[in-house]
Every structure is written in C-alpha cells, then in structure tokens.
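Two complexes, one shared chain (subunit A), two partners (subunit B, subunit C).
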Partner chain A sequence: MSLVLENITKKVGRETHLYNINLEFETGSRNVLLGHTLAGKTSLLRLMAGLDRPTSGRVLVSGEDVTGKSVRKRSVAMVYQQFINYPSLTVYKNIASPLKIARVKKGEIDRRVRRTAEMLHIEEMLDRLPAELSGGQQQRVAIARALIGDAELLLLDEPLVNLDYKLREELRVELHDIFEERKAIVVYTTTEPTEALMLGGNIAVIDEGRVLQTGLTPEVYHNPATTKVAEVCSDPPINFLKGTIKGGAVRMGWNIEMPLEHHMKSLMDGDYMFGVRSNHLSLSRNDKEDVEIPAKVELAEINGSETFIHADYDGLRLVVQENGVRLVRIGAEITIYVSPSSFFVYDEAGALVASPSREAVEGKLT
Partner chain B sequence: MARIELNEVVHSYLPKPKSESDYALKRIHNVWDDGGACALLGPSGCGKTTLLNIVSGLLTPSRGRVLYDGKDVTELPPEKRNIAQVFQFPVLYDTMSVFNNLAFPLRNRGLSEIKVKERVLEVAEILDLTPFLNKRAEGLAADAKQKISLGRGLVRSDVAAILFDEPLTVIDPQMKWYLRQKLKDIHEEFKLTFIYVTHDQVEALTFADQVAVMFEGEIVQIGSPQDLFENPEHRFVGYFIGSPGMNFLECTIEGNEARVDGAGIVLDEETAAKGRKASGKLELGIRPMYLEVHARSGDGMVKARVKGVEDLGSYRIVALMLEGQTLKARLPEDKPVPEGEVWLAFPPQWTKLFADGRLIS
Partner chain C sequence: MKGKKKTIGLVIYFILLMMPIYWMLSMSLRSNADILASFALYPKGLTFMNYMRIFTDSTWYMGYVNSMIYVAMNTVISLSVALPAAYAFSRYSFVGDKQMFFWLLTNRMAPAAVFALPFFQLYSTIGLLDTHIAVALAHCLFNVPLSVWILEGFMSGVPREIDETAFIDGYSFPRFFVTIFLPLIRSGVGVTAFFCFMFSWVELLLARTLTVTDAKPISAIMTRTISATGLDFGLLAAAGILTIVPGALVIWFVRNHMAKGFAMGRV
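Let's turn to the complex of A and B:
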C-alpha cells in the first residue's frame, strides 16, 4: 500500500491550517512528523485517517482517491495524546474491540489479544478496568488496541507526551522495535527531535502548516535546510549568531573572530547566520583552534545525564550542554568554547549553505 | 522560616494495615534545613504527595511526629503552620485583580493598607507581575497565575516554608525555564525553606540543593544532584536519574574482580573488599556515560558485542551484549561508532557494587 497526500490545503473558517502539502508514504515505512505545538501535525493526521476532509487536494491510497471516504471504510488505527479507552470495558475487551467489530473468531481474538498484550507488557492486567491502571499502562492499552487490528495505516499523535520521562524512554525503545516488524505505514507525530531520531525512518519537518523539509531523519537532523528547520530539530534550542565573512575571516557577535576554515572555506564574502547546537558549546577548551565566547550564567538546568547552562552573551541567550552534573553559579562569568568546524552556516534568506563535516564521526572506531 | 523535621513518620491509608505494602509511607526520618531548597522526587505512587500533605498538615500521619523549629505541629491544621502552598493548578480568586489576589493574605491578617501596598508592589516587582497588577487574574496565562500563587506566599513575612506540588505541570515548555530561573532567584533572595514535589528529574535537579528520591514509600537517598548522578546509593536512583539509566549486571566477587560469567571486571580494592563480605544479590552498576567502548583490547578490558546503535543527535546509545547480559554505553556525537566485536573498559571510580539493590559502602 502507498499513501499520497497531493496538494492538500485545509482551511478552518478564515484560518489556513495546512498549505499545499505533498507527502508520500510507503508500506513498512516509519515516518515522523516533527513540529512545534500547533504546527499542523494533528490536522494532517486527521486528514490521513479520513476523520476530516481537506479544503482542496487529494488523498490517494494505493493510487485510489479516498478523499471523501469515511474513516470506517479505511484500514487505519490511531493513538491519541490523551489515553482513550472504553472505561467500562476490561483491558482485555478494550484491546479485543477492533477484532470483535471485524467479527474475528473468538479463539483468534484470544490469541492475538494475549500476544499484543505481551508485546506491550500488560499481560498481567487483562482483567482490570482502565481506571485501575497508571497513565503509562492506560496508554499501552490504547496502543495495543491500535496494533491488534493489523491496520495498513497506523497513526500516532504524540502518544508519549503525557507520560513520565522514564516511561517515555522505555516505550520509545519498544515502539521502535514494534514498528520495525509491522508491514503498515506508521506515521508518528512529536515535538521532540530526540524522539524523532530514536524512531528513525523518514521525517517531515512541519511549521505553521507547511512542510519545510523531508528526508531520512538523521540526514535532516545533521543538515537542516533552513534556520527554521534547525530550530525545530534542536532541543535545547540551537544557538544562532549573526556574522560576516570578509577577507578569509569570520566575525560573529560583537567580538568573536575565527579563520575561514573547514567546511566554510568556499563561502563568499557577505552576511550570514551561524548556528551551533548546544552540545558543541563547551565550558572547557577541547582544541587549540576553539573560539572563545564570554558570557554570563542565567540558569543551569540539570536532567541527570546532562547540564544545560543558559548564558547571556550580549543580550543573546546561548545554551551550553555539558555531560553529567555541573554546578554553575547563576550570575557567574564564564568562557564558552566552540570549534569553528561545528557551525551550520545560513545565508541572509535563512537557507543552509554549509554543514559541519561528518567524516570524523562516520569513520571507523580505532 | 523553619527547619522541618520528620520524626519516624509512618503512614497508611488503611485503618488496620497488615503487610508492608499497606503502608504509603514506610519510615521517614528526615530533616530539612531552614532556608534550604529541597525537592522530593519520585514516580507516581511513591508516596511523595502523602509526605507533602503530612508536612503541610492536610494529613496526620499514622505514627511519628512533624516538628517545625523543634515545635511539634503533627496535629495542627495547615492554617496554623504558617506555610504557603503552590499546587499543580493555580488556585486564585479569578474575578479579583492581581493586586487584590496578592493583598488577600495580608488584609486577612489585618495589615494597614499602606503596608499591604508596599509589600504587594515589592513582591510583584520581583515576580515581574507589576504590569498586570490591575488586570483580573482569570485572563492571564498559566505561568502568570502560578507566579501569583507563589506571590501570595511570598508577601507574608511570617511564612515558615513554601511547599510546591508539581507547580510547572500546566506551564508551556518554553516558559518552564524562565520559571525555574525565577524560583531559584527567589529562593536566593528570600532564603525561605522551599519543598518542591515532582516526578520530573529536570525540575528537581535544577531547583534543589538537596533532592530526596522516593521509591515505594521510602526515601532511598538524599543528596545533591551530583551525588545522585555520580554516586547513587540505591538501584532505583541509578535507574531513575539519568538517561538511559544505570547499567546493572549480576555478578560474583573473586579477589579484586567482579565476575560476570566468564568476564572479570576489576574493581577498586575497597569496593572489592566490601563486596567479598556482602550478602544478598550482587550487582555491578555503571552509568552508560562512563562505560568506555574500544575497538582494540587493552589492560583490564572485557570483550562484548555491539547489538545496535541509536543516533540521538547530540549523543549515541550503543547497546552491547556482555556474557548474555545487555548493557548500554553513551557516546558523544563526534566519536565514531563501533561495530561487531568491541572491548569495554569499566573505570573503577565509576564502577559501583550493589547488594540487594543498595550500594555497598
């Protein structure tokens, strides 16, 4: 099966929610729609499901136009942000419900309910009611119900957003493995770049109702085509510094200078935007060619494995990511170090003109 | 301001608890220093809200005493304890102006209007609420409303402690960092005892100097964020703090080595000595960040196989098989990815030993 969205536009009242969307999905593919809240991800999923009709454009399933066809007549399953289950039915009956509606035989239903429940580690809870489960378990039930029917199109709308981070971490890994085994088209929306990367597959970066970039997820992450894509694909936020290239040198901010080396060598003189992700900023010097940026600490956010230091540089907020727990005093004057080789360079229109080389990373371990 | 002491506090919601699992709090014996920024961190159902309700006076424990500056307040209701609370959802007088919301606790205490105004303006300024003082509370964004909740505690000069129960739940992600910063500023300035309950690691570790990690009705460790990450005293802390959580491998001790089936991992002498004497189920623990992956064999390294690599942008997670057990390593983005057969080094200072889930020390 294939799913094609062709010139899809969606207007609600006077507002346009989706602008001329063109996307293609193949059977067995994992696809992530990445974008901020209100980017249009849910609107897009609802059109794919057949819950809503586009204002213009067509939805094609294996070449057939299904634009007006009701969701009931399509092979689709959907998981929502909120945990939606039948409150008066046991977990078993919740999971079994799509098969019951499809009039599958009892023995077959039983086999598949148990297998699916096992896959999601809720096999011990089949006799309970949803309300007796934790949030994480309730969402597992909803996911199990979506998986059991072998729908050709599996849509998940930020399914992990309401869960604790440890649960999220575990379910992400499990979902990745479950999706790999499915023949269905899986479309998964998220606001988190890390989640997108963890699921892998293809990505469509969406912002304000438009598709900004598509491709393999790691490819897009490592080569964000515009400053906007770089922003959506970075958490913590990517650091941007305005700068100028002139006479073989780069000048950024009010006092940062570096030679025009590495991936930037062939760039012409002019004004540019330089973007660098927080994990490439450091509080210690790693190389003699590192550039120094003086800044003042505003906050250190600690998640356990990493510390994100928010610092002010001339009215600009920079975020530095350090491994482990780093104690930094608010208000402290610090020096941030960054390698000239780690900047994305964008032209004045915000289009990518140079990405950091990945050669060193993709080489073999020695 | 107060030093808060919990003396052998035990609580069950059942009238006649029988087994250990009938207790929401098993035994809490703990002191929060005056002026400290403390967090209670744990997953849902661990007992942290029960404990907070005992501290605030909404709940009287089955056994044990609660002391504020040495004074027994166990039986006192919240209004007699001089505490302020900020809940998950803002609790405000929606139809009143921001000014009147902030003034309410002071007027209740019969302060003169001049003093009320002085204090409200001062606190509003600190919380960046000055431009909203004449607006009605109901029209404001969630972050402004939570600041008003906090402000109503801060205006009172007699407040002993401010208790927070998941205060950032309804705040937009982009605003969270700002509120985290604000809370730290305010703590610095007011030097009040803050107790902050959350299931969110980032919130607890960013906010608090001292974090108490709760698990199944117990406080399993109290420490600084650094202690919790670098030296977890309980298996649960190793798992719950950090992403991915700590690796645990079942092992036995032979001389100075932890044996994981055929593989011998060298421990530091002190750890090994204690391990030889320990009883119970022994596990070796190492954080994915500290596990080293090498392509060639070296001193003290053990052989493992790469099962898979996940590229998470700023770092990679390598899943490894060692003698039939799975473990994970976390490599920085700019380090090449290993394949097939690899050699693991366990730096002794980061290799911990646990007996029945507790750190051997």
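Let's turn to the complex of A and C:
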C-alpha cells in the first residue's frame, strides 16, 4: 500500500491552512511530521485519515483516488493529542471496539485485546473505565485501540504531548519498538526535534501550511535546508549570528573572528548567516580552536538534567545548553565557547550553503 | 448562634412553602360539608371518601390516564425529534445555523393561548380533535425547541473527537449514536424528558381546547367539581394532590441529573 498526497490545498473560510502539499508514504515506513503548533500538522493528518476533505488536490491510496471516500470505509487508525476513549465503555471494550465492528470472532478478539494490552502494559486495567485511569494509561488505551485493528494507515497526532516528561520518554521508546513491527504506514506528528530523531524514519518539516523539507530524519536534522527548517528542527531554538567572509576569515557579530576552515573552506566572500545549535555552545573550552563569545546571562532554566542559559550578546539572545544542573548568576559576564566546525552557514536568502560534518557534531552529541 | 438563626429561617421558609400543599392535603381528607362548616388546622373526621371517588369513577381516573398518555407521547416525540436536531446544531455548521437555533427559542415567547384557536381550527379540519396525539403534537411546539436547546448544551460538552474515533473504528452513524453517544448524554436526556413531562403535564389551555371527552385531561376534569350545588372542595383537593404525585415522582428520579443540567447552564 502507498499513500500519495497530490497538490493538496485546504482552505477554511478565507484562511489557507495547507498550501499545495505533495507527499508520498510507503507501506512499512515511519514518517514524522515536524512543525511548530499551528503549522498545519493536524489538518494534514485529518486529510490523510479522510476526516476532512481537501479544498483541492487528491489523496491516493495504492493508486486509487480516495479523496471523497468516507473514513468508515478506509483502513485507518488515529490517536489524538487529547486522550480520546469511549467514556462509557470499559478499557477492554474500548480496545475491542474496532474488531467488534469488523465482526471478528469472540475468541480472536479476546486473544488480540490481551496481547495488545500486554504490549502497552495495561493488562491489569481491562475491567476499569477510562476515567479511572491516569492520563498516561488513558493514552495507552487509545494507542492500543489504534494498534489492534491492523489498519494500513496509523496516524498519531502528538500523542505524547499531554503526558509528563517521564511518561513521555518511556512511551516514546515503547512506541519506537512497536512501530518497528508494523507493516502499516505510520505517520506521527510532533513539535519536538528530539522526538522526531528518536523515531527516525522519514521526516517532513512543515511550517505555516507548507512542506519545507523532506528526507530521512537524521539527514534533515544535520542538513536543514533553510534557516526556517533549522529553526523548526532545533529545540531550544538555534542561534543565528550575522557575519561576513572576507579574505579567508569569518567575522561574526562585532568582535568574533575565526579562520575560514573545515566545511566552510570553499565558501566565497560575502555576507552570510551563521547558525549554531545550543548544544554546541559551551561555557568551557573544549578545544584550543574554540571561538570565544563574551555575553551576559539573562536567564538560566533547568530542564531535567540540562541547563539552558539564555545570554545576551550585543542585543542578540544566545541559548547555551549545558549538561547537568548549573547555577549561573543572572547578570554575570560569561564567555561562551564554540567550535568553528559546528556552524551551519546560510546565504542571504536563507538557503543552506555549508553544514558541519557529521563527525564534528556527533562527537559532541554523545 | 448564627447556625441556629439560619435553621430557624429555613424552618419558617419551608413552613411558608409547604403551607398551600398542606392545606390541600388536609382538605382532601375531609368531607365537603366539614370543610364548609368549620375552620380546622388538621382534619378531625379523617375520610378517604374523596380519593375513593376518584379511583372508582371512570370519568375521574380516565382523566389521569389521558393526561399520562399524551404526556408520554409528547415526551417521546419531542426527544426523538430533538436528539437529531440538537446533534446537527452541535456538530455541523450550516447556513443560518445560529439564527435558526435562536429562532427555535423564540417559539416559546408567545403564550399558548395565541395558538389555541389555530390549533383547534386545524385539528377539527383534519379530524384530530379529541385525540391524545393532538395534544401531544400541540405541546411539541413548546417542548421541541426547549429540548433542542438543552440537548445541544449537553452534546457540545462531548468532544467531537469521540465521534471521529467511532467513525474511524468503523461504527455506522446509528450504532455510534445509540451505543456510544447516548450513554454520554444520559443526564441531558433525563433532564430534557423531565422538562417535557413537566410542561405537558401542567399545561391546561391547549389540552382543554383540543379535547372533548375521549382525551380529556385531568386538569379539565377538575372543573367538574363546580356544579349548581356549589364547589366540592374536598374532591378538588384530592384531585390536586393526585396531580402533584407524578411530578414529584419524576423529580425524585432525575434529581441527580437535574443538578448536572443546571450546572451546564442550559436549563
């Protein structure tokens, strides 16, 4: 089976939610739609499911035009961001409902419900009502219902966003393994680049109703084609510095200078935009090549086992991601160190002209 | 001290509230001659004669039967019409939906008397006069809009994603509506049924105008207590007490749902 979206446009009233989308999905593939909130991810998912009709364009399943086909007649399963279950049915009946409608035999239903419940660790809760479960368990029930029917198209709309941090990590790993075994087309939307990377597969970066870039998830992550893609693919936000290349040297901001080396060697003289992810900025020197950026601390937020330090450099806000919990005084003068090999370089139009080599950044990732 | 004052206040309030009902109960347990002869705070010569007359005389008890028949008919018709309408108003947007929704409510603005004559003329032409269905249909004019209004509030409280999930799972619309959706708005259906019942049960003018003998409601039969020989207070009081009973029973059964309905702000 394959799913093809052909020139899909969706207008609601006068607003256009999706502009001329062309995407292709192959059976057995895992696909991530990455984009900020209101980018159009949910609209796109609803079109794929058949819950909404595109204003123009076609949806093809295995070559057959299904644009106007009712969702009831399609082989689709969907998990919503909110925990949606049938409140009046027990967990068991909730999970069994797609099979019951499809007139599967009782014994077979029972076997599959128990197997799916076990896979999602809710086998103890089968007799309860959804309202008697915690949020994470409710979402597990919704996921179990989506998985049980062997639907050819499995859509998940930010399924983990309403869960707390720990549960999210746990479920993310489990989902990854579950998807591995599926023959279906899995489409997963998220706002978090880390989640996208974790799930792997293919990615489509969406912003304001447009598909900006598609490809293998790690490829896109390491080579964001435009500044906008780099923004969507980075959390905390990527840091941009304006600069020029002239006579074999790079000048950024008002006092940063570094030699034109590594991946930037072949660049022509001119004005550029330099992007660097916050995990490549550091408060300590890691290499003698590192460039120094003097800045003033504005805010330090502790996020799990990481600390994000927001610092002001000449009116620009830079975010430094440091491992471990760091106590940084607000207003303190600090020096940020960054390796010249970790800069993405964009031309004035915002298109990628040079990206750091994988070794340079991955060494830092681990 | 303050609690005590509150209790005294409440007791006085309830005494005032229950006074007319107590008076009616007391009268219903006395003979008419006794009522006319002396003033008494409580019935001295206790008698169930008035009640016995109502339960043995078919012209009397048929009044209750008639009322119950058309009230039940009306409740069923109102609900079965209002449920799909309320679903449409809550789930779909169509041209003029908001205007139409408001227009429904304006149906309740005119007094029933305004409609009595047109209804009488219409029903006598098509031969519906003096049937239960005639009254039931006439009452729909008031009950359907109210039902739609109340049910829409309850339905909008159910996330639309539940409907979609059911359709994705392959439920047909009727099956989804009955097995998934209705249980979720149980309280709403209960509250709506209660309001339909209540309105239809107490409404006098249309019910009396549209019936002659076969479907005559109890409230119309009560006027028979006035005769050339005077007013039979005891009998009238007994009939009044019996008229309160069904309403009280229904309230007892839906009291928990009622609170929910009021909390939703639509009742």
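To be clear about the criterion, the second predicted complex is superposed on the first by the 357 of 366 C-alpha atoms of A that agree within 3 Å, B and C clash if a C-alpha of one lies under 4 Å from a C-alpha of the other, contacts with A are read in each partner's own complex, and residues count from 1 in each chain.
Here is the rule we go by: contacts are C-beta pairs under 8 Å (C-beta built on N, C-alpha and C of every residue); 3 or more make two chains touch, one makes a residue touch a chain.
On a predicted model such as this, the values are computed, not experimentally measured, just so you know.
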Give one of first, second, both or neither to describe whether A:P218 is in contact with subunit B, with subunit C, with both, or with none.
first
Looking at A:R145 after the superposition, I want to know if it touches subunit B, subunit C, both of them or none. Which is it: first, second, both, neither?
second
Tell me the contact category for A:V76 with respect to subunit B and subunit C: first, second, both or neither.
second
Touch count on subunit A, higher of subunit B and subunit C:
B
Can A:S266 be said to touch subunit B (first), subunit C (second), both, or neither?
neither
A:S284 contacts which: subunit B (first), subunit C (second), both, neither?
neither
A:L51 in the overlay: touching subunit B, subunit C, both, or neither? Say first, second, both or neither.
second
When the two structures are overlaid on chain A, which partner does A:K166 contact: first (subunit B), second (subunit C), both, or neither?
first
The residues of subunit C that touch subunit A in their complex are 159, 161-162, 164-172, 175, 180, 183-184
Give the list of subunit B residues in touch with subunit A in this complex.
43-45, 173, 177, 180-181, 184-185, 188, 199-202, 205-206, 224-226, 228-230, 239-245, 287, 289, 293-296, 310-315, 330, 332-339, 342
Which subunit A residues qualify as touching subunit B in the complex?
134-135, 164-166, 169, 191, 193-194, 197-198, 200, 218, 221, 277-279, 298-305, 310, 321, 323-325, 327, 330, 360-366
Subunit C contact footprint on subunit A (complex, rising order):
49, 51, 70-72, 76-78, 80, 82, 84-89, 97-98, 101-102, 145, 149
